[in-house]
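Can you read through this structure? Questions will come right after.
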Amino acid sequence: ACGSNDKDNNDAGEKPAAGNDTEKSEFSIAMVTDVGGVDDKSFNQSAWKGVKEFGEEQGWAKGTGGFDYLQSTDPADYTTNLNNLARRDFNLIFGVGFLMEDAIADIAAQQKDTEFAIIDGEVDAPNVTSILFKEQEGGYLAGVAAALMTKSDKIGFIGGMDIPVIERFEAGFLAGVAAVKPEIKVDTKYTGAFDKAELGKAEASRMYSSGVDIIFHAAGGTGNGVFSEAKERKQADKDAYVWVIGVDSDQYDEGKVGDDNITLTSMLKRVDVAVKDIAQQSMDGKFPGGETKVYGLHDNGVSLADSRGAIPQDVLDQIDEYAQKIADGEVEVPEFVEKKK
Amino acid sequence: MDYVIEMLDVSKKFGNFYANDRITLQLEKGEIHALLGENGAGKSTLMNVLFGLYQPDGGEIRVRGEKVAITDPNVANDLGIGMVHQHFMLVENLTVTENIILGSEPTKSGMLNIKDSAKKVAEISKAYGLDVDPHAKIEDISVGMQQRVEILKTLYRGADILIFDEPTASLTPQEIEELLNIMRKLVAEGKSIIIITHKLQEIMSVSNKVTVIRKGKGIGTVITAETNPEELATLMVGRQVTFKTEKGPSNPTEEVLKVEDLVVNDYRGVAKLKGLNLSVRRGEIVGIAGIDGNGQSELIEAITGLTKVKSGKVLINSVDVTNKKPRKITETGIGHIPQDRHKHGLILDFSVGYNAALQSYYHEPFSKKGIMNYKEVNEKAKSLIEEFDVRTQGVDELARALSGGNQQKLIIGREILRNPDLLIAALPTRGLDVGAIEFIHRRLIEQRDSGKAVLLITFELDEVMNVSDRISVIYDGTIVGTVTPQETNEQALGLMMAGHSKDAVSKEQIAARKDGDEHHVE
Amino acid sequence: MNIMSNKMINILVPVISIILGLLVGAVVMLISDYNPVTGYIALWNGIFGDSYVIGETIRQISPYILAGLAVAFAFRTGLFNIGVEGQLIVGWFAAAYVGMAFELPKIIHLPLALLAAAVAGALWGLIPGILKATLKVHEVIVTIMMNYIALHVVNALIKTISGGGFKTERIHETASLRSEFLSNLTDYSTLHYGIFVALAMVVVMWFVLEKTKSGYELKSVGFNENASQYAGMNVNKNIILAMVISGAFAGLGGAMEALGTFGNMSSMGGFTGIGFDGIAVALLGANTPLGVIFGATLFGSLKYGANNMPNAAGIPVEIVSIIIALVIFFVACGYIIRIGLIRLRNKKEAK
Amino acid sequence: MLDVLYFIVPITIASAAPLIFTAIGGVFSERSGVINIGLEGLMVMGAFIGILFNLFFAESLGAWTPWIALLVAMLVSALFATLHAVASISFRADQVVSGVAINMLGLAIALFSVKMIFGKGQTDFIQEKIPRFNIPYLQDIPIIGPMFFKLVYGSSIIAIAVAFIAWFVIYKTPFGLRLRSVGEHPMAADTMGIKVTKIRYIAVIISGGLAGIGGAVYSQTITNDFGHATINGQGFMALAAMIFGKWHPLGAMGAALFFGFAQALAISSSSIKILADIPAVYFHIFPYVLTILALAGFLGKSSAPKSLGNPYIKGNR
């Protein structure tokens, strides 16, 4: 299948190279995934999409001198992978995921001529740009959508691990719900893991059983269980009013139940947009080193996915109004959940 | 001649070592044929070849005149050969019936037919007088009953050639007598038997012929009626063996062990010792005679601190050691040759040298400030090996690789060299050949003569009679009487072991005195 | 003279196992349309290619040695410690915490951080040890449960001490195992002094087992509890001690990550896997201290070198995992290879 | 109160089902004397094959798909387990190492295949899932009905049936008797003419088949796709269930149900108002702590088969 057409030019392994480096460009970019891999349906995939699209738009080839990625199988691989790419002379290297903060800081200090960008994390170094997202703004819209769509006035949120990024999703979501229907108390649960589908399923089962009709999940693989539970309820009863709001990428496919679909919408986190943006700036010689770029609704960094009819137009219009308020700065979405006592 | 089994020039190699070197053994129909040899002579190996567990490296085997290749136990079973192994081949957590039917299970619509099987087992056991409980679990029944299960296994499969590998090593005298009777009954029914045993009187009493092997080679076959124990022993060992260990009169002095009203419960809370009293003095050997299961194990464990004492006292050199830690008690002056050498006596996966230090490793010079000095350990072990004639490749050999007799010598050496005031020897000669037994008995007597106290626990009547200075008979958790070997005989002991009091027995003795004279061991 | 001495066979067996594993791996690559030669050159370069990767390879080996020692030590005393993973996690946290929370001179700080890791791991081993010794609870279940507990508890602790964040602050330089010298030597790799700690622990394990009175007792209890009790040893104490020492090794494995590789600890989405790999490491090394070095080297090199296969040869990492698994598999099957070699020798001798 | 049970009981059973299959697989293998720490890898294989088959044949097989997928997963995992059997029985490999290799290999092969087939890190989502249904009549029984007979997975029923069948096979049939004897005292079995190697092979292969079903049940009821994290640790939990259940099929089932129960209890109690202030971590560790406490309560040694882990070498003692 793929990759077998390598004309290897290993010069004693000094600089391991891959791909056909026929059209070497002046500028080249690469990224290091975290342990998820470039097809994780989440930010790695989205980041790779950005890198790839950017490279292809420039007419580059995959590989040294063009665009490429390395996958980490273990957090200990971050530094070596970053270093590896730097030694292959990529000009701009993205590290994906907050877990890579320290590795980027280390390597950026060593490889001062290479530009780095960290996604979802912050590193203070002159040759590093930090890219953050206003997940809370996307979450806010999801919350608005949920509050407008709920019939039972019961809404759930299922998080994975209890970490700051996920808390931003939650904080925004709660704020969004409160903006529409302040009386609703969102049922919020963290499962403590991103990879425990059975916990997601059990948690969702409990919520739906208690009357919740819309669940927003920000729980990675644990979220699979949420979809699974919703779909089973839909399958058992075609008229059941159960919904899931997806996260990161468009999770429409996950929601299919025969001809129905239980995915209300998904909160998109457009890492690709940010990646392309930074790549362009860097290529233009305007690399925002040392800065932290925060991508929100305004920059198209977060948004809601096409609901494909699940949300009626009048509701969509209302959501747009809220979106406008955020974009205009009229509404400031909180980053943290107010400490529940 | 009508031979049912002929093993002709059979050889078996382990690596480059010949365990069997062109051995010939011929078994007639309806005979009991004894196989005799020292520990490690190759008896078990030869029988395992016959049973298909090992493949011979030379020679041929004929069964009822036909040359056969016994490639596995199934073939042996089909040929009507059954074997009762030296170490029982019983699955402990299965029932008697399950063990017996294993491998040829009767079924009823795909299900095990335990009910009918149990009935059949009961029938056979009745027919041969082999008393067993078909539904009992193996782990819950006595060694004697396990033995009978082994026999039933072969009979159930319709074996008419039976091999017994040391069947009597762990049986009580009563059980042995029973077993020998069963064998007689079996041959009377037309079955043929090969028996391995180290006990010459058993051979004399039950066998028709004896084949002797020495160091893997056949020495020859003699007709039992035309030989005697001395000749057999000489054939087997290759030198004269004395049976009755020479010993002078005892000269007991102060008391070393005193046991007062000892009560010990087992893990279910059932009393196993019920107020036992015992005393052993310096310069004497006290033998505990009794049938297995009357509290011997509990007595030893209580003395040595391996089990909790409910009430009563254990004093060693007048120091109260009741319920003290085992090490504390050992330090007070006890040496202990345990009953089960594999379970308690040795760490089989430790080297001989390490095992020699098992009770003293924590002392100088073997260890100092927590650091072992293995050079010292091995030096000491070497002298032990020398002094106690432990046959081994060296101190680095694993204890596992030693034969039972040599393992036993290693333990005895270890315990004696610690120079304890009281030596507890539990079944010290089980499974050993006469040469080894002689050696061990001599050692026990030496201990006594050097002013130490010895407590000997054994199931063998002749051992207890030969070696002890006083004999305390244990029955149902108490000592029913203490006698000297001079004032008693095996019948009297047997009665006491069955629970008769000393007085009752001595009354009976007077009546039985007439034939008492005839009774003299070998 | 023997054509093949037993010693030589002992060396040949693992070598042949590794070659067999690589051969089958090559077949897998061929079938999936990759060039095995390119692949293995990439693997080789990924392990030994230059001083940088050598440094990284050695860095990767350090925690494997400690995890392997932990499993091996428990095995030698008759216990199966599946909980190395959890003990390593708590050790990681403890070292990271001590490393950041205190300001002390290096000579005190670093040893203190290491000690904290060892103690944390030991405590995590203590619980299954006590349960095993006193209540006869099977250590395999308890240690599996303790792994999950470690994961969740440590994540919660990280959140607490970082004030709602997802990682601990960086440790102070005074607690770091990082070494400018080693790093420069290996072209800025993250090689740190941890490897010396790991090797020192190999010596410690060897010393404890082979030279001390405790070692004698621990092994004895591992082989035969009854006889050990007969010999006056405190069986329960030894079981607990074994789990504690095993846990301490594992905890130090965590310190490698905290004080060397990462310099802090982040919330963990799942297990590190090092603890589970430690089982293979230990058993590949026949549970001996020296063997553990072999197992860890094999494991660590393959695991680290494998990263270069996608990088330099475009071969997906999953194939590399297949190859690693196969190598382990064949090493485990060393017996049959040994038999083959002995047959071969005998045949040659016969001629 | 009843509402809580209506939630806890079905969740308990549903989440226990994959563990029940796998743990009983473990019982077969270990009762024959072969340690099977590779249950995790066998489950991975089953989970993967189940999804793969389901995706490819859903068009043609319709509602039958998940069931046939279970069978196929069973076969493939059984085949995969043969590797463990060859290594640990014929080649006398260390059974634990071989099991670790199986775990690594299972995951690696599955993920590699996913990459090759789907060109991404996880499969698509299946459409034909293992269905849930109400059992007629029984569901109307008050209290019990909604707990046990409403919206049950067919696979849960099979799991419980398998536990009883396994009990029957192990304790009531000649094969079971042989299996037990081989794991306790293989030499005794050998002297009775039983082919130790054959029985062990069969047992390990059965364990592979059941673990395969376990994995496929998991993936077809809970995740609905297959990726690197689909099976992560369930195999080890099954191992724990097997030991907790003292190597007895019904015990293993009980232990698996207990794990499910502990999990469900944690989830349901975390939503109780008065407990709302307790930090989440306590609920996260609750099932594991509860298990340890329960174990400590069940006094007495667990009785592993005596020859567990020892290769049988004819003529050795």
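Which chain is which? They are A, B, C and D, in the order written, and residues in each are numbered from 1.
As a working rule, a contact is a pair of C-beta atoms (placed from the backbone, for glycine too) under 8 Å apart; a residue touches a chain by one contact, two chains touch by 3 or more.
Model, not experiment: these values are computed from the prediction.
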item: Remotest chain, chain D as reference, centres from CA atoms; value: B
item: Selected pair, greater C-beta contact count between C-D and B-D; value: C-D
item: Rounded Å distance between chain B and chain C, as computed from the means of their C-alpha atoms; value: 47
item: Between chain C and chain D, centroid-to-centroid distance (C-alpha), Å; value: 28
item: Chain A and chain C: spacing of chain centres that average the CA atoms, whole Å; value: 34
item: Residues of chain D touching at least two other chains; value: 116, 229, 232, 280-281, 284
item: Of all residues in chain C, the ones touching two or more other chains; value: 32, 152, 155-156, 270, 316
item: Residues of chain A defined as touching chain D within the complex; value: 1-2, 36-41, 162, 187, 189-192, 194-199, 201-203, 205-206, 209-210, 221, 224-225, 227-228, 231-232, 235-236, 253-254, 256-258, 340-341
item: Chain B - residues contacting chain C, complex; value: 304, 306, 325-328, 330, 336, 338, 343-350, 354, 357-359, 361-362, 367, 370-372
item: Complex contacts: residues of chain D adjacent to chain A; value: 3, 6-7, 10-11, 15, 116, 119-122, 124-125, 127, 129, 131-133, 151, 218, 221-225, 227-230, 232, 263-264, 267-268, 270-271, 276-277, 280-281, 284
item: Contacting residues of chain D [partner chain B, same complex]; value: 172-174, 176-178, 180-181, 184-185, 187-194, 303, 306, 314-315, 317
item: Complex interface listing, chain D residues touching chain C; value: 37, 83, 87, 90-94, 96-98, 100-105, 107-109, 111-112, 115-116, 229, 232-233, 236-237, 239-240, 243-244, 279-281, 284-285, 288-289, 291-292, 295-296, 299-302
